[in-house]
């Protein structure tokens, strides 16, 4: 299997990786992983309401501000590399060139695992579209005939991180990750998202309640781990193991 | 989490554990686990067609023969303990006493993980009924008010092993286990099932093809593990992890 | 495969077979099948509102009236044999003896195919319970160790006939049967159900609209069959064929 | 439709109605509804870990304590009537007599709507069993032949309240109820559950985050209602309306 | 929430709104709503078989005839405004400009609720494609950065109206609307569809049988509303309510 | 219904039809069908790893070699006509012109049934995309306004053939076809796929195990057909029949 500790997060808009996978990012950075984040857009049109309510706002100003916030959050989470594809949002459209650009990143990173959005999201089709593209680009990166001579991709897991309304998105976590040790980093990253302050408390609650689910599933009142904060993920592909 | 390496297999009929989890059993025995198998029935009425075609067969003779085969298979797989509840089959009916008996075993074993059948089986309701009972008894074993003073159960995973027609049973494996190292043991156990010789080849094919799925999911032609035999399992509960 | 043309309908209440499978029964009778109907209850408590609104009604009177109607309908449909198990309804409870009685019928009939209710029915748990029992008794009838020496059952299809609110029951038809040739018989049988006149028009509409679905799926405006009345069925088991 | 404002909550264990539907209860009491709660068991064996850790605890003491807590919570929520069926838990078993007792309550209350657990719960089969019984007893209560002469039940909605791990239970809310006005009552009721203090914070988080979902679904940043606390429910049956 | 009574129907082909939502349109018009209908295409290639069988037919003639029929039907239903996007059908393709045009309509109308097709339709991908676009354009209309300064959209429900073969489309109605009072208007609109006379009777049957479902779900033989005609709808988003 | 015996296979890559439907093709050829195969791409980039590992390989050489193998396999299976659309793979993109080209083939062939891939494939989006296109082109081929004057398509079944990891693709076979009589032909065709020798044994195992499923579903130990090799298919549309 992969030699290096690397991971890749594919985020539709520039803040998604913070709320949904900030703990996983900081934790794996702490474990020695180089975590790369790709933001396909800045979420400049659809996820920047607060900015647009300011006087004299322009698309460029919004994008600059969203980029600044994302870079700060990435720093707080010890992200190795963050890339902005600037493909536009609402709707996010991805042509063949953009796909190949994403394939280039995947091959360069050779991630042990990838992270992206839920399969379905009736509120935000940019999210589900991103996941479809993540699967498609994973497939292209595995093709020996795509840029022959490059190192082809193995079979990294694709974890789907937590959407805003899990049940409406048909998202079911099969993996809970204890992020207690890096909670302060995630909290700091969340607080970089100045334009979406209404979500800070929401995602703190999520982390606490997922901590409860972690405790319950690791043994409950009889031997469970005292995790205080956790994140949940849904796996797309089966695991291959040597021990159950 | 649990200190001891233990596992528990709950099998509706006395041969199910062999075809469906023989590799997992032998592998974990090799890894130092004590694996206990509970056979709720012998499958004496419904899964012993070949025996019933013999002259002068009786229910007791069938049960004795099925028990002998299962004990031999258990030995071949290095099972730590095999218990026969003799509850009858086709249909398998489980009253409160039998549930409590199973709870006693669960608490005595304190398994790190459990194994049982698929959630649904339109061909064999004994199978799906067993899984429901496994979940129910896991719940009772966790209850502090059941036989107060006993050590209560933590939260072991329940893996559903492979049914005969996976797609008809709505069974989807999320975990593939490499059983190459213990394949000879599983093969030996399979061949103890003298009454069901028509299934030997079938389950050898299954193991080989699951080996292919293991290879594909561990990296395919780019870094995948060269597993030759594997078994697949579906998890009922989410995992709790420290690293993705 | 089976030599004789036989079919078995398992109906929770004594009128279900009429609305839901009357066309299939009459058509197969016409094709030379011997069709047996088992009514597990009379629907005397839960499906006889009109009767209970009469003066001086008793359980026995309701059952007698329901039986009379069902026998008339069976006659109109050319049913070969109709049996009443009189197990009570709302709720319908089926113990081991009743299961074995049903297994006896299944083995005696040796049906080429069976018919029963949808898998799920949040309005009427007697219906879904009946289907579960039908699958369980099919399994017992296949067991060589159940009444050894009797002819065991092969693997007849189990078709689920149309429930009252298809979408709420999660029922999806995969087979439409043209019943145009026997519509008059089904209509006559429906009109035997004097206590449920409010459903006559409803099930006529169903038959007409399923006729439309038949036409559309047999070729539409380009070669479709001009069926005027049809019934829909969902198969539980896969088919085995020599030609697609 | 029903003339009186009444509602019925069917709770597997004596605390379930508090966490999962306390807001709905208090709110409808405020709206003039008479809300009846039936607790099928006290949760004395399986949901009273803290009590069982005390010296000299007995089943009767646990039940008394659990009853006291539930009665206090009911008072805090302005429950009209609370009934304890004392059927035992882990497992909760319900025979025909208990069903008829529940039918008697349903008919006496003639609820405009009912509340119970999720359809599926792999952690707690008492919960899903209760829901199945709720649907079955609703059906029996509608039967004209059950205790003829009594007023039969109409077709009240059955709402499934929020389980502990929504995604694992396959529960999907289709209705969010604003409970901001009665949050203090729900908080007070929660704090009556002295034996399960570890859940107080969890369910406060749930109420806050469902408040966010309420805001989002009522219009978001463009006209949404500023609900601070909400509860979610899944409907079993379709609604019948005069306006979309 | 929205101040004005407005609704928006998004119809893939020019006749869809009649069969599937004609009652809802006429009823809401009667209730004082301004109902706007957008027909993305005329259904000129794929849903005009009868016209194409005439001598000397051309695409323009078919479109003109289909438009005439749709305008007549809209008039019969008291539609406030009907717009034809003329995007072509079989297949219906929708580029970014067409999406923005639809967003303009959505923002201009500011609908309290929207209506469109089922999520899935293996017979007619134009239908499911339309629904996806409806969700995407709803999302764009909510974006503060799309045409900043315009009034952004709140969170209107999206109801999916009844497809031709409900079970094949995986469509499940959760809302039945009593259209008895406007049935004559719907009937008149249906009869404007001269080219599809074979569907008149079909959709009359549908309306009658949905009336039966309405009666059953509003109380059945114990207090149900005597609706004679109804339409069914599936909601995409959860409701936000003050009373269950 | 259709007069001529014809069938159409739509294969994303040039080898898919061999592994997944080779038996069905050879069997129907033997039954007098003219079977046409359309390969949308050669699978030159993504399914030709072995070739790309050779020195001096180019895209054209890979395509030529893949075409040669597919033509040989087609010959071994008695394919009537094989067409290569050469649309490129990984990703496979299909524009309006390519759709119309496929519609032309469908109309020319007028297939009694069509064969294509599973609805979903998280490993290979070319596969699921092909199925969507197959459904869309079937729809266009049915449109009287598409190339008016041509013979429009009826309503052929679309069978989805077996994917590589059935459970991960959500594929459920409802039809098993006995291919024992043509197994040697399928074996010969498989062996034409020189570049994918690692799959020969895998698909032999599949055929044997599907043979077991055929036997079980045709009657098992009581009257089942002794099929040795079979293929499984999932139907998209309901069947229309004269006898169950």
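Read from first to last, the chains carry the letters A, B, C, D, E and F; within each, the first residue is number 1.
Heads up, the rule we're going with is that a contact is a pair of C-beta atoms (placed from the backbone, for glycine too) under 8 Å apart; a residue touches a chain by one contact, two chains touch by 3 or more.
What you see is a predicted model; the values in this text were computed from it and never measured.
For the pair subunit C and subunit D, chains touching both partners: B, E. Two copies of one sequence, subunit A and subunit F, touch each other mainly through non-matching residues, since under half of the numbers at the interface are common to both.
Farthest chain from subunit C, judged by C-alpha centroids: A. Of all chains, the one whose Cα centroid sits at the greatest distance from that of subunit D is F. Rounded to a whole number, the gap between the C-alpha centres of subunit B and subunit C is 37 angstrom. Rounded to a whole number, the gap between the C-alpha centres of subunit D and subunit F is 52 angstrom. Residue positions of subunit C with contacts to 2 or more other chains are 49, 123, 142, 144, 168, 173, 213, 216, 221, 232, 237-238. Chains touching one another, given as pairs, are A-B, A-D, A-E, A-F, B-C, B-D, B-F, C-D, C-E, C-F, D-E, E-F.
Note for the complex: subunit D touches subunit E at residues 1-2, 7, 24, 27-28, 31, 113, 142, 144, 151-155, 157, 159, 173-178, 213-214, 216-225, 227, 230, 232-233, 235, 237-244. Within the complex formed with subunit D, the subunit C residues making contact are 44-46, 48-49, 52-53, 57, 59, 62, 89-91, 93, 122-126, 168.
Across the complex, subunit D is touched by residues 96, 99, 132, 135-136, 139-140, 142-146, 148, 158, 236-238 of subunit B. Of all the residues in subunit C, the ones that touch subunit E in their complex are 49, 123, 164-168, 170-173, 198, 201-202, 205-206, 208-209, 212-213, 216, 221, 232.
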